[in-house]
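Quick one: the structure is below, questions incoming.
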Amino acid sequence: MQVAMIGLGRMGANMAQRLQRGGHAVVGYDPSPGAREGLAGMGIGTADSLEALVAALAVPRALWMMVPAGEPVEATIAALQPLLSAGDVLVDGGNSNYLDSQRRAAALQALGIGYLDVGTSGGVWGLAEGYSLMVGGDVEAAARLSPLFEALAPTPTTGWAHVGPSGAGHYAKMIHNGIEYGMMQAYAEGFAILERRQDLIPDLAGLAELWRHGSVVRSWLLDLTAGALKDNPGLEGIAPWVPDSGEGRWTVAEAIALDVPAPVITQSLIERLRSRQDNAYADRLLAAMRGASGGHGVKRG
Amino acid sequence: MQVAMIGLGRMGANMAQRLQRGGHAVVGYDPSPGAREGLAGMGIGTADSLEALVAALAVPRALWMMVPAGEPVEATIAALQPLLSAGDVLVDGGNSNYLDSQRRAAALQALGIGYLDVGTSGGVWGLAEGYSLMVGGDVEAAARLSPLFEALAPTPTTGWAHVGPSGAGHYAKMIHNGIEYGMMQAYAEGFAILERRQDLIPDLAGLAELWRHGSVVRSWLLDLTAGALKDNPGLEGIAPWVPDSGEGRWTVAEAIALDVPAPVITQSLIERLRSRQDNAYADRLLAAMRGASGGHGVKRG
Amino acid sequence: MQVAMIGLGRMGANMAQRLQRGGHAVVGYDPSPGAREGLAGMGIGTADSLEALVAALAVPRALWMMVPAGEPVEATIAALQPLLSAGDVLVDGGNSNYLDSQRRAAALQALGIGYLDVGTSGGVWGLAEGYSLMVGGDVEAAARLSPLFEALAPTPTTGWAHVGPSGAGHYAKMIHNGIEYGMMQAYAEGFAILERRQDLIPDLAGLAELWRHGSVVRSWLLDLTAGALKDNPGLEGIAPWVPDSGEGRWTVAEAIALDVPAPVITQSLIERLRSRQDNAYADRLLAAMRGASGGHGVKRG
Amino acid sequence: MQVAMIGLGRMGANMAQRLQRGGHAVVGYDPSPGAREGLAGMGIGTADSLEALVAALAVPRALWMMVPAGEPVEATIAALQPLLSAGDVLVDGGNSNYLDSQRRAAALQALGIGYLDVGTSGGVWGLAEGYSLMVGGDVEAAARLSPLFEALAPTPTTGWAHVGPSGAGHYAKMIHNGIEYGMMQAYAEGFAILERRQDLIPDLAGLAELWRHGSVVRSWLLDLTAGALKDNPGLEGIAPWVPDSGEGRWTVAEAIALDVPAPVITQSLIERLRSRQDNAYADRLLAAMRGASGGHGVKRG
């Protein structure tokens, strides 16, 4: 079927390709001419403006946004809305907050425009392996776009699902990412211990590779870890500086709001904050307190 | 090749079968007649005593223990040692502390007896899918037993590796299990949040199944989780009571001994302790302190 | 000076008494007749309505709210605002969110009405020992009400301070309470360990009392703890169920928003959530996963 | 009464002075001539060797060690034992592991020599304010040395107590220090949040000072914090590097051994490990995993 892809960054461009390979007619748009040229170079059609993009689609239209969460999504919807017609369906495939998605869906549905929030997992590997798609929103709109989901997913049947009403897709993705934080931190801690005992186990990349086969901790994240360690066992040239995006924070806030203890996901987020501390005030105060209490000298910094 | 399997519990019996299927001649031993009969019923030979077991093997012998860590392993080795000859190789495939394994290897190697500590991962699924084997100890002894490892592993080449000298196998397994604690806790927290929002996402088993395909959090533990949720979405009849074995504790102690922060693995262990608290004193004291400070009433218990 | 006390719960009634004892002319108001009668029984004047209360005060007026945070404060201000005149000063001495206080101060200051957010610490002991007052808002309004602060504080000079502009007082109180959570949890954990070793140290109340004198961990919270343990060493009849109010949650959210790691304050909050879990889904899922992975039986619940 | 002080570091020299001021006849010993001269300069007697020290005391003797835990205590006892007689009492006032103290007490008691493990809290402030003394061991030996405890404690009656049999004193001190870790971390986190909001609350030292008077978080550690912040509000020149001694680690290990959750004390220890990490491998691995998963660039380090 015909579909517009709005936002041709790494994720959007990859998904446009996978859709095109899956037999769909993709028209791409990005405000950056370079991004549009990149897609055109893959033999996929592009439009120079949102107006041209919408005009290029037969009604009822299907449009898919892969745009950064927050203001960019808000602005894209504001620009699109007057161009769309009742019966069109717009997808937000990014990492929006589920409450925003619920609000946007309600506003567009009042105009007869369908709105689906589709949590999308798979990262840069999705082009080759397929994306796990968590679809939230109107069931009929989801059914109408199912050929797109089938093309994007690893297999037509298992890699996507309608998980609930508006917001459910982004909610599921939020929790997915919270779990991911915890898993990543668990691996990172384990390998950090091992890194100190290379007297005993010299080949960390080899151990990671071994665990990929038959062990209880095998996972896709372990596959990545094994690859990263194989390429660069000493992790040289990489700063110990770990960003976090909104979804970890939202998971922590949601857990607290629901009175659900989530200590490990929460601590995983805090570890990322910690990685970005420079000359941490808390640690300096602890050192000062020790000095004042026990007469211990402090290390000068 | 010929091999003795000592300890015919769930793990030992399964491994004996997989070895036999792999073309090896297994003789099993367990102090329990019922366990021996179970193995015999699968067409695998057994011996009624350690003496008979050792006598049934041609030298140089290969013997594999799947016996609970601690005293049972210690006692088994004490009983076996006078029966063995220089050139024999004994494997501890259980979850022993790596320092014990180093001590035992040194004692047996002084008698010319090889000793391998083989961290074994795969659980009850290993019979069908193969086991991930982390082999520690003498390289030549490991090479001699490699046909056994090849039969037990998911594939002859990728599912086992010699990871280092004596102790390395059990050290690797210890860290493996520490990571497993963290991963399990991350999933458990994520689904516990979701369980409160079944208004939004009614089918947790379906979401777990979806994530198995193409998502960043796909893993073997997620496969198990999806299966458990499919069978019993409400987890009814299961007490919120989580045991822990030694390896999580050893991982925590090792991290601290090495000055490596492992907050998530550590907290995962603490959560298991917490699950087994009954009428927790700490919480009662907090309630009492709140009452004394702010005049807040306490809930009577 | 003349002052109105609005809200005659435990905190408000005590503060009204301490102000009256300090030589101020207090008029109290509470929607509950019983609360008003209670204050009147202490020889302190009351008014039957906010209108009567405001009418009883000479301009420029001073009014102090001790009202639950959230809707009650919002409603009280909405009712008071038409009754007040430029030059009056209204105090919120409760545990409001500092962002609400900033908003309210701006709205009232546009009408010429002063608004102070006064973080108030001291609990039920403040009547006898004085309250620690963290004053936020306009410096001149604070200066005008300083006789009230001097009467409420433990000493006229050390127990209160103007800590910053609007919101600063409640911000300081928020962090104060976050710290309190961490301290309480630290004591609770320490005594919970000791409780298991009464073979070695039989008298926990005695140890708490000892630590009050000269030890590094002496504190007012330890004074309370020692008192609670003396009264009820086994903490019998107290449920292990620990409420939390908004300030701990706000501290956690603020730390994350500022990228400041606050693992111990955060975990202290999570422990309170944990204390209120019943048949925790996360723990049941962990038990189910263990069963599925290792064939371990689960405890039936 | 007559007493020997062995170990004239900061703690030992201060305690010798406080004992002498309390009317006791102190003889000090330290292997360092400078330490002995320091004490002699205060008008307190010293001995040049352990032999001379023991010879200077009338039987039955009282001797007090303030010597680093571990090998120094072990060596001191080994040197003293042949010099002592049945009926003498030796005190370990340092931070020994309680299991070591139990072993040492048993060995010495077999020779008729009393041995008391005395957890000593108060730091450098103990000279002026007195020490909190947690006495473990034989009741009669404790009673005989009570004049010493009375002189060292803040008041003769409240600042020391016999808390249990051998090991109980050091056990109590271990838990005391675990609690101290948690309290210090709670304050450090709170002030670290405040440090980012000096737009709102510019004077952290002033706020700490305010909290000392009437607030719920007032404590001796807050007194120290207020002093440290007053001297150096920006904590300039202090490295964010926090040592830990054995007692925090032992508390964590003991909690786990007893199945008691102690998440906050444990995390406080981990934060100290974290403060001493340089170029943390775990954080670099997390950054590498993010890069491999999402195609996110990593910060070069």
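Each chain carries a letter (A, B, C and D) given by its place in the written order, and its residues are counted from 1.
Convention: a residue touches a chain if its C-beta (ideal position, glycine included) is under 8 Å from a C-beta of that chain, and two chains touch if they have at least 3 such contacts.
Keep in mind it's a predicted model, so treat the numbers as computed, not measured.
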| item | value |
| --- | --- |
| Angle (degrees, nearest 5) of the CA superposition of chain A onto chain B | 180 |
| Higher-contact pair (C-beta pairs counted), C-D versus A-C | C-D |
| Label of the chain whose CA centroid is most distant from the centroid of chain D | A |
| Interface composition of copies chain A and chain D: same or different, split at half | same |
| Distance from chain D to chain C - Cα centre to Cα centre, in angstrom | 33 |
| Inter-chain centre distance, chain A versus chain D - centres from mean C-alpha coordinates, in Å | 49 |
| Rounded Å distance, chain A centre to chain C centre (Cα mean) | 40 |
| Chain A, residues touching no fewer than two other chains | 123, 185, 187, 189, 192, 216, 221, 260-263, 267, 271, 274, 277, 280, 282, 293 |
| Touching residues on chain C, where the partner in the complex is chain A | 216, 249, 252-253, 256, 259-263, 266-267, 269-271, 273-274, 276-277, 280, 282, 293 |
| Residues of chain D defined as touching chain A within the complex | 10, 123-125, 184-185, 187-189, 191-192, 195, 221, 224-225, 227-229, 232, 235, 237-243, 263, 267, 271-272, 274-275, 277, 279-296, 298-301 |
| Residues of chain D defined as touching chain C within the complex | 98, 121-123, 126, 129-132, 134, 153-155, 158-161, 163-165, 167-168, 171-172, 175-183, 185-187, 189-190, 192-194, 196-197, 200-203, 206-207, 209-222, 251, 254-255, 258, 260-265, 267-268, 271 |
